[in-house]
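Everything below concerns the one structure shown next.
Letters A, B, C and D name the chains as they come in the text, with residue numbers starting at 1 for each one.
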């Protein structure tokens, strides 16, 4: 997929714009979507990220028209599509299981959507359809389109095979090809990489990102894998409990989460969260350690302070400027060394990244102190909403 | 704009929902209509008919309550029929299940000629029973039949198998067993292949040395549910014995081979006593229904569905 | 069997020639007991079509036996596929009359000139008359007679010329034949014939009836019936009658293994062919022990099932022909039945010379004085009653039930099936 | 999977299985041999396997011509094929709807299917007979075929199979522009070929061999199916001409047995598969 021969589509501004308003959906007593609003610009690559059961797949299926919403609306290209069948919405979808028709060859799989729209019912009839006038030129055009797509995806040698004879990666490409061939306004991708092995997944990530750049079509991509979200998207929608928590570019999601659930979901190892309390004098008390934090908090207000393992440092022995604990376990990944430090009275250990060359400095069972640079501490209120110091809060409004 | 969009399009959406229901209805509709016409409706009708004195072709009928049932249980032919059917089931089920299991185990115990044996034992399942009944009738002919000729070769006096009231029913049982062994055998084979090989290895590690040990510790417990299932469906099939009786003995001699379905057939379609035949049908239904429910229960325990 | 193949071929040819024959009106006919009647009906078709060129006779596959004939026709009535003319057992005509299937022949007879003059005697017409209306035209009538293997009888010390007229004498002879050893059978009484005909014969020969005069109560358990059932018991126990199927017994007689065989007169021609000169045989009269003893008239009558006037015309023409003097002549020569029609027996151009050369055929004629209608049970359960009687008699013949016990059970079961 | 038998066990296995095989095969062998013998050799009461004079041609010719045997075979083929085609046309869409569509009343519908599974066909014979009598359908091809157009077992089996088809496949088809009918015939039908084959074998075997229903509804010889035909043949000659009779029996069982011998594995799998669910 190194060269994309498909000409980027002439921008029509709103062509691939997706507008979602107040979308709600329940399955029985379970509320799956609790009011989703989303604006996706034409040509944008948006990833919907969330744990399983957060409603991200339902959201995608409603956009596709495969599921009916209880309330709210979806517009594609400025036109409400709620009453339209999936095939009338001008979208294409790549499924997690690829959903290739097992009885059709790769060629026929890719050609099927074109046949369905370009041929009449009579022309599609088996055997006799061939005799209906006008079939031949259309079939030729379809065949041409299939070949073009196959060339782009480099699956020409596979065209005569059936899906059962393909590897996972090949199937994935065919599925993408079937979506591409109809030149939709919006590509919907439902965890398209999750059935691939780790190595192939990394490779396909790059290909999809490249494909998006080449097609410049709107991509809506659903995944529970943060790496995919972070590496490919223009913007990420982090969804939880049927609601988008934050919609932002990947870096912002990681560095500047709006909600503790977002902070917890994104990043590996997980972010460390410790209870803290406002001192009432522009700082927080985190287990006896004072963190400067300029916010309007009454003294004693319970908050949660969080910091990513890579942002803290660890020193052997006890250190008054750090949180005192005991080293329980070391995780040496070669590139990184993660220390799991147990703090008294806290169940989950705090994880800190250190330079792996320093492994000898940290014997298991010894006392370790964790230092948290105040600038890298993220503060959330008891309910999990982000708290910001006064200055940066003002700044953020323009950001 | 946002507000305008936020309004759902209820009419349009309802239309789409309606469309899906319509699609489901048109897909399932023909089957459902036929189901009512040919299964549910007739089931109700047969129960209702059993409370009437309807005669096929008659212009009227009247309600007689349980009179048909009273007559039935007082009728020697019916009691004989019920008794014979139960005897038939009681013989054919254990015999054909045991032989089917034995054949499956023996065939699977080795590799040579496996396909041959399987095909041979299965052949009677495929062959048109009515044609084979005629062949059996010839084989059982008192003077010209293979069986008596073969018996005479070894110095045994044969019987007039189908004409003798002492042997007729058992002869039919024998044909029933012959016909269903192969069917049970393949079901058992399917059950055998479903037993993971590791279990035999585990049993060997745990000290099961002889074939009997292996059978008792692994094969039999694993085949248990299959066996129960095979027993029940063989019972259901045996309850429906008809072809051999109709063509070979017509229920005779002296009702010695009268069975439920034949009673129903002769009452309904030879004597045209439709109401009475419906009552016989209801009794037949009760037995088969009980067995079918048992089967569903067995199936439910074994594989999860619905 | 070759003739049947020819028949099929002829039918096929007729089918191919359909356009040419399209003008002819078809008369669809169905009759029972193909092994007795096939030849006769083949000839009748030829002769009838010669005399009635407007009609074409089409035969349906023959009914196996009388009960099968009735069942099939009743079912055909339901599927509306009745033949135009159907031959049914004399005692089963009632089923079709009661159900309104058979057509009243009164108007057709009324339109005929000198009906009686054509040989239809009152006694014969009575066989097909119900509630005062004629429905059936008797076609072939029979009585039970005795077939005897002269060779075996002689070997056992009997005299075929002076064959015993009593059961006791017959049993005595039977025992002697049985004592000859081998697999020789002294006596076979064809008790299964159409379920109850022979039973009626025994009961009636002792002066009994099947039902009370008002047809409400079973009467065959009276003294006559008791004698009859005891007689059957004696046949089994003393006269050593084996428990054979009817067909097997017939084959055995033809093979020369049965000494005394009670059977319908209808099988005379079949027996001629079956025995084929292997041994000498003759017929004798059936014992009628009681002074008021009777014998039921077996045989078949033609019923009209045709529904449209067009079809009825053809059906009537055919019925008239088969039961008339010439049809009866062909039938008698080809079977063993007695003629229904009074004309041919004494007609030198018809049966007189035939009877002169076939003394076996005369036995039944000698019994004419005993003839009484073959009783038809009332109500809808006629067929079932026949089956019930057959079952109970079977239990006597196979020795599983004492005769009197069986009679009591049979009485009870039949009583339950007749209208109250 | 199991340990191989020792030499004694192996021999014993063959001895027992061969004895069983002889019993299973005896009627077939006797039937075929008898169909080669002239009447005179059949009627001798002694055990002789091979004919001294071969009468195969006569016997089979008689079997084919005395009754319209060819017609019966064609009837059998037409009726079984019609039943199977109708079964697919009627039951496949229903199974799809029950497996993959959400609509009100689906639960009730499926419950009815499960209930109907418990009804043996013999039970509804009388009412259907009366129904056909009322509408004048008795003694017709329709009477032979129509009652079997609905196969709740087929619905059940297909539904079970469709449950295993990923929903994604159906969604993909919807997005590609297929309607629900299109999905049934263009996607589900080809996908379900193995299950349909198994069901087809089950259906064909059952209806080619069926005797009960044709016996009841058919009166005219022209409509006889092979089982009725061979029974009719037997009645027709008083059951004494065994050579042609055995030839007729051979002819009737031949199509299925031949198909079975050719595609043994498939037949056994089909019957096992349906048998386990039935």
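Operating definition for what follows: contacts are C-beta pairs under 8 Å (C-beta built on N, C-alpha and C of every residue); 3 or more make two chains touch, one makes a residue touch a chain.
In this text, all values refer to a predicted model and were calculated from it rather than measured experimentally.
Set side by side, the interfaces C-D and B-C show unequal numbers of C-beta pairs in contact, with more at B-C.
The chain with its Cα centroid farthest from the Cα centroid of chain B is A. Distance between chain B and chain C, defined via averaged C-alpha coordinates, is recorded as 41 Å. Chain A and chain B have Cα centroids lying 56 Å from one another.
Look at where the CA atoms of chain B average out and do the same for chain D: the two points lie 15 Å apart. Counting only residues that touch two or more partner chains, chain C has 75, 78. Looking at chain B, residues 56, 269 sit in touch with two or more other chains. Under the contact definition stated at the top, the residues of chain D that touch 2 or more other chains are 133. Taken in their complex, chain D has these residues touching chain B: 1-5, 9-10, 13-14, 16-17, 20-21, 23-28, 30-31, 34, 42-43, 45-47, 89-91, 93-94, 96-98, 101-104, 106, 109-110, 112-120, 122-131, 133, 146-147, 149-150, 152, 155, 160, 179-181, 184, 205, 208-209, 211-212, 215-216, 226-227, 230-231, 234, 239, 242, 245-246, 248-250, 252-253, 256-257, 260-261, 264, 267-268, 271-272, 275-278. Against chain B, the residues of chain C that register as touching in their complex are 67, 71, 74-75, 77-78, 99, 243-245, 248, 380-381, 383-384, 387-388, 391-392, 394-395, 398, 400, 409, 413, 416. Partner chain C is touched in their complex by these residues of chain D: 62, 65-66, 133, 136, 138-139, 219-221, 232, 235-238, 240-241. Looking at the complex, you find that chain C touches chain D at residues 1, 4-5, 8, 34-35, 61, 64, 72, 75-76, 78-81, 247, 251. Across the complex, chain A is touched by residues 166, 168-169, 171-178, 182, 187, 190-191, 193 of chain D.
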